[in-house]
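There are two complexes below, and they share chain A, which is joined by chain B in the first and by chain C in the second.
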Partner chain A sequence: MATQHSRAAARLMISPSVILLLGWMLIPLGLTLYFSFLRYNLLMPGANPFVGWENYSYFLSDPAFKAAIVNTLLLVVGVLVITVVGGTLLAILLDQAMWGQGIVRILVIAPFFVMPTVSALVWKNMFMNPVNGLFAHLAKFLGLPPFDFFAAAPLASIIGIVSWQWLPFATLILLTAMQSLDSERLEAAEMDGAGPLSRFWYMVLPHLSRAITVVILIQTIFLLSVFAEILVTTNGGPGNASTNLTYLVYAESLLRFDVGTGSAGGVVAIILANIVAIFLMRMIGKNLDA
Partner chain B sequence: MARAITPQRKALNTAIAWTFGIMIFFPILWTVLTSFKTEAQAIADPPVFLFFNWTTENYTTVLERSNYFRHFWNSVVISVGSTVLGLIIAVPAAWAMAFVPGKRTKDVLMWMLSTKMLPPVGVLVPIYLIFRDIGLLDTKTGLVIVLTLINLPIIVWMLYTYFKEIPVDILEAARMDGASLRNEVTYVLLPMAVPGIASTMLLNIILAWNEAFWTLNLTAAKAAPLTAFIASYSSPEGLFYAKLSAASTMAIAPILIMGWFSQKQLVRGLTFGAVK
Partner chain C sequence: MGRITLDKVRKAFGDVEVIPPLDLTIEEGEFVVFVGPSGCGKSTLLRLIAGLEDVSSGEIRIDGQNATDLPPAKRRLAMVFQSYALYPHMTVRKNIAFPLKMAGLDQAAQDKKVEGAASVLNLTDYLERRPGQLSGGQRQRVAIGRAIVREPAAFLFDEPLSNLDAALRVGMRMEISELHERLKTTMIYVTHDQVEAMTMADKIVVLRAGNIEQVGSPLELYRAPRNVFVAGFIGSPKMNLIDGEEAAKRNAHTIGIRPEHITPSPDAGTWEGTVGVAEHLGSDTFFHVHLPGREEPMTVRAGGEVSLHHGDKIFLTPDETQLHRFDAQGLRI
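Coming up: the complex of A and B.
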């Protein structure tokens, strides 16, 4: 059906998107790469000499970098574990027969639509504040000393907040996958004497495995770039206790105005994200064929 | 349901599910409730839940004292503007890829998706410097451009998955029946494409409304949308819980309502069709 003529028209229709995205990718990427080899500080005007790998060796040997890598991994893995385990359990729960299923679903999904700055500030002030927060009131009621979340466990507190934001996403996707599970097969297995645990392990989990993989990969992309939650709660502190790679690069380039080092950090972040992206792209690409 | 479920079992499911649902929703509920309290009641110990003197003074204060409407308007302009602009660019592309697929269509789609994997912080410095030099820092135009570009792959992808489901046979049937190209587009294609375009638009407005990396880094006072305005409450003076709650409630309410309407499309849009 596709004639020469329609092919040409199609190419014309696709090209604006392609050209824009190509420009959006290549120009900043090229500049980041270029800046990363310069001694370039916004506070020191003048020539920006070429310094080779100096920015990289400075960025990579900075103790803050090691801390940021560890924090990034803890943040990503922590949130993934909480949301995938919690999401699977919630999806199974929401898939059961009940009254008001639609309303419960709406309640569970809601946090996903709350903007990151709002959820971080609400949690920080109204729940985790050691004097006026609800958790402090609760601790007092139980006779426990109040817990200063962002001083004593800054990263764990941020993991908690981010998990609350992403739990709905995991739940929604896994619930969608659950609903395509053949319930008659499950019932047949039950009649054949398979207990709930073995039904979960041998039937539900394998069925969900694909959706779980998608959840893990997509969340990882976003979790590597968590920024607003850190900015409004801890500013990466105390010290570097809650600085992730994204926040560190932001601090180098826009707080310390060190464009060279910030760019080198940006390149490192791109490389890390690409490793995850390759796996995700394979998954989605496979689906495109099917 | 092939098998009847006992009412006891159903009641138990209901109780457990509602408990978890309310727990997860509670921070939002608490924010809305607090927005109607006085500042003293907002930090009262023990906390007051429903029985307090409901007041709307926080809303008036927030609206009077800050440029709330300006930030709200900025959010509207940025999220709707970037979505509409994105659709204008993406609809032809998705259309062509769905109906006139070539050998490299799949590669182009995958490549577009790969641009979305680029961590924003990797291009923060050049974008910031370019915007500074051409005067786009702290402007709505600048943010519309950035958000259009970062969401373009998602828009193309969502539209593509919707358009691909439109049966091509119908087009041919219409043509056989003697429909002109114009009639074909107006009466056959558009009605089938509109729902897909609408849900793409909805999801994308939500994503753009809540975007908080570029909006925080590229704006100051003038063009700041609600994400950045709310962030200014992170270093407040005096009692502010009730006012924070009022500002937050107004910032999330429109999107929460839109989000509830779009929950079905959400899965598809955010997993690029990998989970249906």
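Coming up: the complex of A and C.
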């Protein structure tokens, strides 16, 4: 891409995909913005007058909004902590030479291939069900009262399910990073007097930092919009205990049929996601340089 | 400080015995070079001494103390790896300070030692850089710096110069020799390059397939190689080895003669041949001379200014007092 000519040609060649992507993004965004300024309720057909910021003030002053923000953050941070810590430990474990390594690796990666709706249903009905679930049986076997996960700790249960799904992703990325760590470097550290913990802290962790950054960035994007797991388990309840921003927008537009407020919520969600993204890039994006 | 004894040390990877039982003593303050062709087990032997591999049997003693089961960190040995194994995410200063930090030294003491090592190794201007911003020779020095700040009982070097270009290699060779003169610490140096071995060692250990072929000073090995392998391995250009009739005439299975112990002459001599390729080094010229009935050419040293041309007829006369004779087992007679 050195000459003027080749640069112009390059721009021309990538323009179709850029235009397509822009259209793909801008048209829905424009429509959402447009709807968010209308009074547009599917239960009251007729005129859709322009109402200015009314939808926004309605959405932002809704007590469910604050709960949803807190829940969204808890969900994202909770899952990130569990998957990054768990993924690092699993990656170290899987990096050791052991018998049946190939099969174990496939088993660890398997949850990633289960679609979110299915995995949430499996967890809900087969593991966490207070009557028939595996955990309930286990509790009974130990003589404890069964724990009703989705009633007593709905958000924590969802964090658990989502973590289970994303753990393989984190493990996989961190494992490949582990494998690129030069073993002579670890041996040099060992000869320099670094014990296992020091070697982890001073050699392995800095080496993994870039991979951890990638895991955090990618997962955050997906975790901000967790939806299926909530829909099939708790429906955002009890109350608003497990409602995140995505689910709240859904509830506004498709349960209360208020498209205008739903759109306003969508726009708020976009803004918040961008704030989080800028924040993240500032904080850890520098790990990706060099 | 720094006397290392190997007693019947043996190493096998699974069924493959890489080091058959081997005895060796490295005296305090010695510069010992392990030399041998690639894959002969030099690195493995070094790693056994370092403690990075477990011995299959036998005993390693450091200063009289049994170190066979000591972890690497407890052996007071410092190693310089072929790949340097620097810590890329740390500055040069932190790299060199790392062993001190692990030993729990306070910051002031760390700084003092790091700066001392840096000035010895001409690294003072680079202390705040990362290894990725240094040249090969500088990285090599950082690796050495990281080793010397620990004040170990012995240094272990595994082919430390093989990633450098020829000119740098000669320079670093001198620097390492200088360092040994100054520190007087035991050094064990592994290389496949016999020139490095000859120029640096107090004592050379020639290895082949894990066996020690000969131990001795560079000149001992050069003057009296114990067998054909050592004769052919030590010295550059290589010793000329002759089998068959010429050897039988001198009551040997194989005879060896170094290039400098052959006198070329245009009109009379013991062997007659034709001149092949000539290597002009300025001070010396090495001629390859083809003798009838011999596949490999003989290498002959002549002065810098000799007018012999490709295809010329030539006579060679070996200096009979400098002839090496070997029996059918390849051992020196």
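Heads up, the rule we're going with is that the second predicted complex is superposed on the first by the 259 of 290 C-alpha atoms of A that agree within 3 Å, B and C clash if a C-alpha of one lies under 4 Å from a C-alpha of the other, contacts with A are read in each partner's own complex, and residues count from 1 in each chain.
In the analysis below, a residue touches a chain if its C-beta (ideal position, glycine included) is under 8 Å from a C-beta of that chain, and two chains touch if they have at least 3 such contacts.
What you are looking at is a predicted structure, and each value in this text was computed from that prediction instead of being measured.
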Exercise. Will chain C clash with chain B on chain A after the two structures are superposed, or do they fit?
Worked result: fit
For this session: Would you check which partner chain A:255 touches, where first means chain B only, second means chain C only, and both and neither mean what they say?
Result: neither
Exercise. Is A:77 in contact with chain B, with chain C, with both, or with neither (first, second, both, neither)?
Worked result: neither
For this session: Determine, under the contact definition given at the top, whether A:182 touches first (chain B), second (chain C), both, or neither.
Result: second
Exercise. Touch check for A:202: first (chain B), second (chain C), both, or neither?
Worked result: second
Exercise. Hey, is it chain B or chain C that touches more of chain A?
Worked result: B
Exercise. Of the two partner chains, chain B (first) and chain C (second), which one does A:85 touch, if any: first, second, both, or neither?
Worked result: neither
Exercise. Of the partners chain B and chain C, which touch A:193 in the superposed model: first, second, both, neither?
Worked result: second
Problem set entry | First (chain B), second (chain C), both or neither touched by A:269 | first
Exercise. Which angle, as a multiple of 10 degrees, do chain B and chain C span at the CA centre of chain A?
Worked result: 80
Problem set entry | Closest approach of chain C to chain B (Cα atoms, Å) | 5
Exercise. Both chain B and chain C contact which residues of chain A?
Worked result: 184, 187
Problem set entry | Residues of chain C defined as touching chain A within the complex | 50-52, 71-73, 77-79, 81-83, 85-87, 89, 98-99, 102-103, 146, 150
Problem set entry | Residues of chain B touching chain A in the complex | 1-3, 5, 9-11, 13-14, 16-18, 20-22, 24-25, 27-28, 30-31, 34, 42-43, 45-47, 89-90, 92-93, 95-97, 99-102, 106, 108-110, 112-130, 149, 152-153, 156, 168, 172, 206, 209-210, 212-213, 216-217, 226-228, 230-231, 233-234, 240-241, 244-245, 248, 251-252, 255-256, 258-260, 263, 266-267, 270-276
Seminar exercise, completed: Within their complex, chain A touches chain B through residues 1-2, 6-7, 9-11, 13-14, 16-18, 20-21, 24-25, 27-29, 31-32, 35, 90, 93-94, 96-101, 103-119, 121-127, 132, 134, 137, 140-141, 164, 167-169, 172-173, 176-177, 180, 183-184, 187, 210-211, 214, 218, 221, 224-225, 227-228, 231-233, 245-246, 249-250, 253-254, 259, 262-263, 265-267, 269-270, 272-274, 276-277, 280-281, 283-285, 287-288
Seminar exercise, completed: So, in the complex, the side of chain A touching chain C is made of residues 182, 184-185, 187-195, 198, 202-203, 206-207, 209
